[in-house]
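We just call them A, B, C and D in the order they show up, numbering each chain from 1.
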Amino acid sequence: MIRFECDYAEGAHPLILKRMAETNLEQTTGYGEDAFCANARNIIRRLCGKETADVHFLMGGTQTNKTVIASVLRPHQGVLSATTGHINVHETGAIEATGHKILALPSENGKLTALQVEQAFLEHCNDANHEHAVQPGMVYISHPSECGTVYSRQELQALSDVCRRHRLPLFMDGARLGYGLAAENNDLSLSDIADLCDVFYIGGTKVGALFGEAVVITDDVLKKDFRYVMKQNGGILAKGRLLGIQFETLFSEGLYFEIAHHAVQMSLQIRDAFCAKGITFMCESPTNQQFPILTEEQIARLSEKYAFEHWKKIDATHTAVRFCTSWATRQDDVLSLIGDIW
Amino acid sequence: MIRFECDYAEGAHPLILKRMAETNLEQTTGYGEDAFCANARNIIRRLCGKETADVHFLMGGTQTNKTVIASVLRPHQGVLSATTGHINVHETGAIEATGHKILALPSENGKLTALQVEQAFLEHCNDANHEHAVQPGMVYISHPSECGTVYSRQELQALSDVCRRHRLPLFMDGARLGYGLAAENNDLSLSDIADLCDVFYIGGTKVGALFGEAVVITDDVLKKDFRYVMKQNGGILAKGRLLGIQFETLFSEGLYFEIAHHAVQMSLQIRDAFCAKGITFMCESPTNQQFPILTEEQIARLSEKYAFEHWKKIDATHTAVRFCTSWATRQDDVLSLIGDIW
Amino acid sequence: MIRFECDYAEGAHPLILKRMAETNLEQTTGYGEDAFCANARNIIRRLCGKETADVHFLMGGTQTNKTVIASVLRPHQGVLSATTGHINVHETGAIEATGHKILALPSENGKLTALQVEQAFLEHCNDANHEHAVQPGMVYISHPSECGTVYSRQELQALSDVCRRHRLPLFMDGARLGYGLAAENNDLSLSDIADLCDVFYIGGTKVGALFGEAVVITDDVLKKDFRYVMKQNGGILAKGRLLGIQFETLFSEGLYFEIAHHAVQMSLQIRDAFCAKGITFMCESPTNQQFPILTEEQIARLSEKYAFEHWKKIDATHTAVRFCTSWATRQDDVLSLIGDIW
Amino acid sequence: MIRFECDYAEGAHPLILKRMAETNLEQTTGYGEDAFCANARNIIRRLCGKETADVHFLMGGTQTNKTVIASVLRPHQGVLSATTGHINVHETGAIEATGHKILALPSENGKLTALQVEQAFLEHCNDANHEHAVQPGMVYISHPSECGTVYSRQELQALSDVCRRHRLPLFMDGARLGYGLAAENNDLSLSDIADLCDVFYIGGTKVGALFGEAVVITDDVLKKDFRYVMKQNGGILAKGRLLGIQFETLFSEGLYFEIAHHAVQMSLQIRDAFCAKGITFMCESPTNQQFPILTEEQIARLSEKYAFEHWKKIDATHTAVRFCTSWATRQDDVLSLIGDIW
């Protein structure tokens, strides 16, 4: 079975394991206060063009999302998100467990628009009974989204403008950020993102690390006491060095960008192969996930050799499925798949 | 200004104030453990045909909803509700503040169908990643709904059947239950409701009391330790006798049913008057709330003499508004309004 | 049975019921936005000497405590309190249910000292692992305390100084504030309290009202969005006028102070009677609660005619009990009790 | 600087890194549903003598504690713990953040006694106002405790008896369980622990793993839906295989027990060396942590070459400090330390 079902089917990029082995017996203090973490933080700050940003390392996406959101909001506030947002559908109510409603706005392609945020905010303010409703307190976006789509520079700028006008912190879930930066026609740099968002994270788990997400906080108000909230959410790793070592390895010489580029190239080959056969897609993805719409028969045939995820029933006879590539995807496996697309 | 904007614009039915004054200097123990409460509980049990039901008195709707839901659910569970449900839109995230997601299902008329609940439940169970999603743990309905509509006996039976088949406690928010029991063509008795729901409440605040909701729990499992959860939610009134006295007065000789009947008659007169002028409604309501769809000009004209609520923008030139009647609505005021409907 | 077991054994001061009856059929808007509430707010602001304070009305103590504390703290913060504090022992974990730890400091007499607060704060700051511990985020005191004791002006000044130096909002639970203002040798005015605390409440439930607590917020930062948090905690009463009417009645012509004075006089008579028989007390109380330490035999004898609360086992043969007086305590009942103290 | 400050100063036991490297490119499904995890679960079940136990892998101690406790308790319940318990002092209110009070019982040596639990439980039940207090809902113990002490078989049996008599689930935090099993004079086997506790965990982070805790649930009631609560708490690792591989390596051929034995031997050498110089200890520890009480001068001298933690001020001139050993502690470093103890 060749697995395209997710981007976390293997361990870590070999250079990470190598670095872990080399440093294994060095003694360090715990909880992310070691030299590896310090160095990784500096590298990331530099790449973001934000010397004064706070950088924190957490273990996984759900943990990071709930920590950031709980840290930002007051009790009566909620977070605006696309209905498709990971926090809204795939985290077992982790956000609600911290006491906050997710104010879900409809989305077909995984993205929010500046206009949607503006309208939701104004609708709340103009409601005579607004104190009886949850107050929008921040905006959550994922980039790339759960549908593989990305924001353009212009779209993100517009979102950022609305958010700043209404003092809504803008939070980007970058669990797959590498694949967004490597997306076809991408025009957003890390430094743009750091300028336009108030807090975001650079995903490691799905882009070459064993695990780990690097949170970057650029807004001074949001920096305060963030490590307390991390600890409360189980987000301070005892052997914090493991996160420092991984992000050092990924970012010190561009490895992160290289492997993301590879994954996206593999994905686009798959996309083009389906396209060439006249297959349509749930949405247009320039990143490492493709969502072709297949018949049951097509699914059955491909399932003999390949693992991929059933994503969404489209109609009685069609289902959108998901093919994921990653840093670890082999060209041979992609060619094999392409060959098997009737 | 004559107020039709809500069903809590006045104090309490005069008999309640009279009873309070008569008993004012009697000394009782606190926290609902007095003889007035005991008697009111017995009367309610009898009317529900459930000698073994637990009956508890709380102060208001939001408090009652959050107490019941927090008491029933485990952390990873959510509550199925219509999108229009009070808990979903008008309680400032009180349910989420107890840690639980509201699993909102679309509704045009304020009601949930048995089919919707069945589908939502099965969809969750059949999701390969169901552990990554909030588990439906109970069902919330309001009767009458926020749109003034009611469930028929058959509809409630069907909901109850689905819920019991899947072990989902069925919770009815009866903040306006009196008006439901008095609804045109109603075929549901208190005792039917007690049979078909696992927990529900009989609203006092909007039906003649100063304040107060009587929770009836018929399911033995849900009875356990409920008073602890009430206390935790600020729901045990020090002078609990005030609730006992009010519900005694409302239920010992049928006052509750009488005043609800009056309110509904007033409401139907208003409905018929709008109807006669060709006005349409947001939905058909046989209870004490009417939602005619008016033009800006019509709204402006009526606003000169009457207070009523703007409910929902229907299109560029029309808005659904709400006219509420109550136990206190005077026939003269209704006739005046009717006379002013062009 | 003559009841001295609590200060909420009767209904309300008759003037309150009278006012409710007089205004019963007036129509008002709901949720505390009526003219009665507006007027009560103004009266309270004036009495506190704080024209810009925010004043809000809630229904009971637990609800008020959890609303205020949840509104003030960030997730990683806790509230410093005496171990005896109501929030720590008698609210079924209502504060923890909002996500916050109570940082309990030992107290024999129900009070916190400025020194204790200072030390607790500094100990946290000086802990190398402070991010692994709950951060003190505010200070909760009750005045009078649960033991009947009060703060002197000097003590409250010292507490306030420490709190402001360390930016810890000081919150006074004034569920029995009237009895504190009427305490023997009291040197604190409402206006002193408004100067020295950042948020406090004036208890109605235990001082003549049917129910109700008036929260006064003097710190601008704490004012923001408080009504949202009230609503989330079920603390916005539909018929909010009921609270306005009660506080208007209590404060417009000094009724609150009068009835509190009466209660304290009754209490001091009881104290002096026990004293005269050589009985000692759990602590010295100049307010409406007395805690004499009695033998089982003495308790048994008094229990024949009087209800009072068993408070705390002192040793194998002695128990501290509580006698409470209130606005409703009759001089005859006190004389009867005094006569029965062997 | 030679570090004795904690038991997580290095990476992982080299065999673990080796196994990770060997399996790195194998593709597996995520979220702990892979063959490595399945195998590790079976090995652990076998070692515990509980073929039907549920075994789950989480990332760290705080996460595990909050997940287990949130999963077990209803909203009005709290967890009994020693005041010294990790959940009470070193997790930034993680338990309270899930809504639950920690009912802390005094402890000098980090342990709870059966008598303490019995008394706390009965005191609650016998309180006339018990509904106004948090209900004890489970018992948390750490073994070894935060003070290095362990429970004997008899002590744990007594605790278990009390807990079962009162239906209080007994939860053992085994973050350092290996060192407890290897403790001097230990008479508790893994299988005893599985018999006497209802849920416990076997710590990996501090005993040779990069990270990871293996939760073992023996009580059928507590098993239900545990993975949902894990996910909600960010406790389902995407690359769950990493946990499976680590626990497989630690337990398939006894490595866990071997390295724990080594650590304890190193610790006892340090203990004996201090003893021989007449130094006393904060408490008697037969495990991998030693808490000698030193003067400022002694601390200053040792600090030149060794890192260790300041634990607790004992008096004006003495402080208890902590020396930790681990699987990675080198005999040479211990000899060097011993040589430097004047």
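Miscellaneous remarks
Keep this in mind: a contact is a pair of C-beta atoms (placed from the backbone, for glycine too) under 8 Å apart; a residue touches a chain by one contact, two chains touch by 3 or more.
Fair warning: this is a prediction, and the values are worked out from it, not measured in the lab.
Among the other chains, B has the CA centre that is most remote from the centre of chain D. Comparing chain pairs C-D and A-D by the number of C-beta pairs in contact, the larger count belongs to A-D. Centroid to centroid, with C-alpha atoms defining each point, chain A and chain D lie 33 Å apart.
Chain D has its Cα centroid 42 Å from the Cα centroid of chain C. Among the residues of chain A, those in touch with two or more other chains are 75-76, 91-93, 97-99, 131-132, 135, 228-229, 231-232, 236. Of all residues in chain C, only 1-3, 5-6, 8-12, 14, 17, 20-21, 23-30, 59-64, 66, 91-94, 97-98, 205-206, 210-211, 228-229, 231-239, 241-242, 307, 328 touch chain B in the complex they form.
Residues of chain A that touch chain B in their complex: 75-76, 78, 89-93, 96-102, 128-129, 131-135, 310. Contact residues of chain C toward chain A in the complex are 31, 70-71, 74-76, 98-99, 131-132, 135, 225, 227-229, 231-232, 236.
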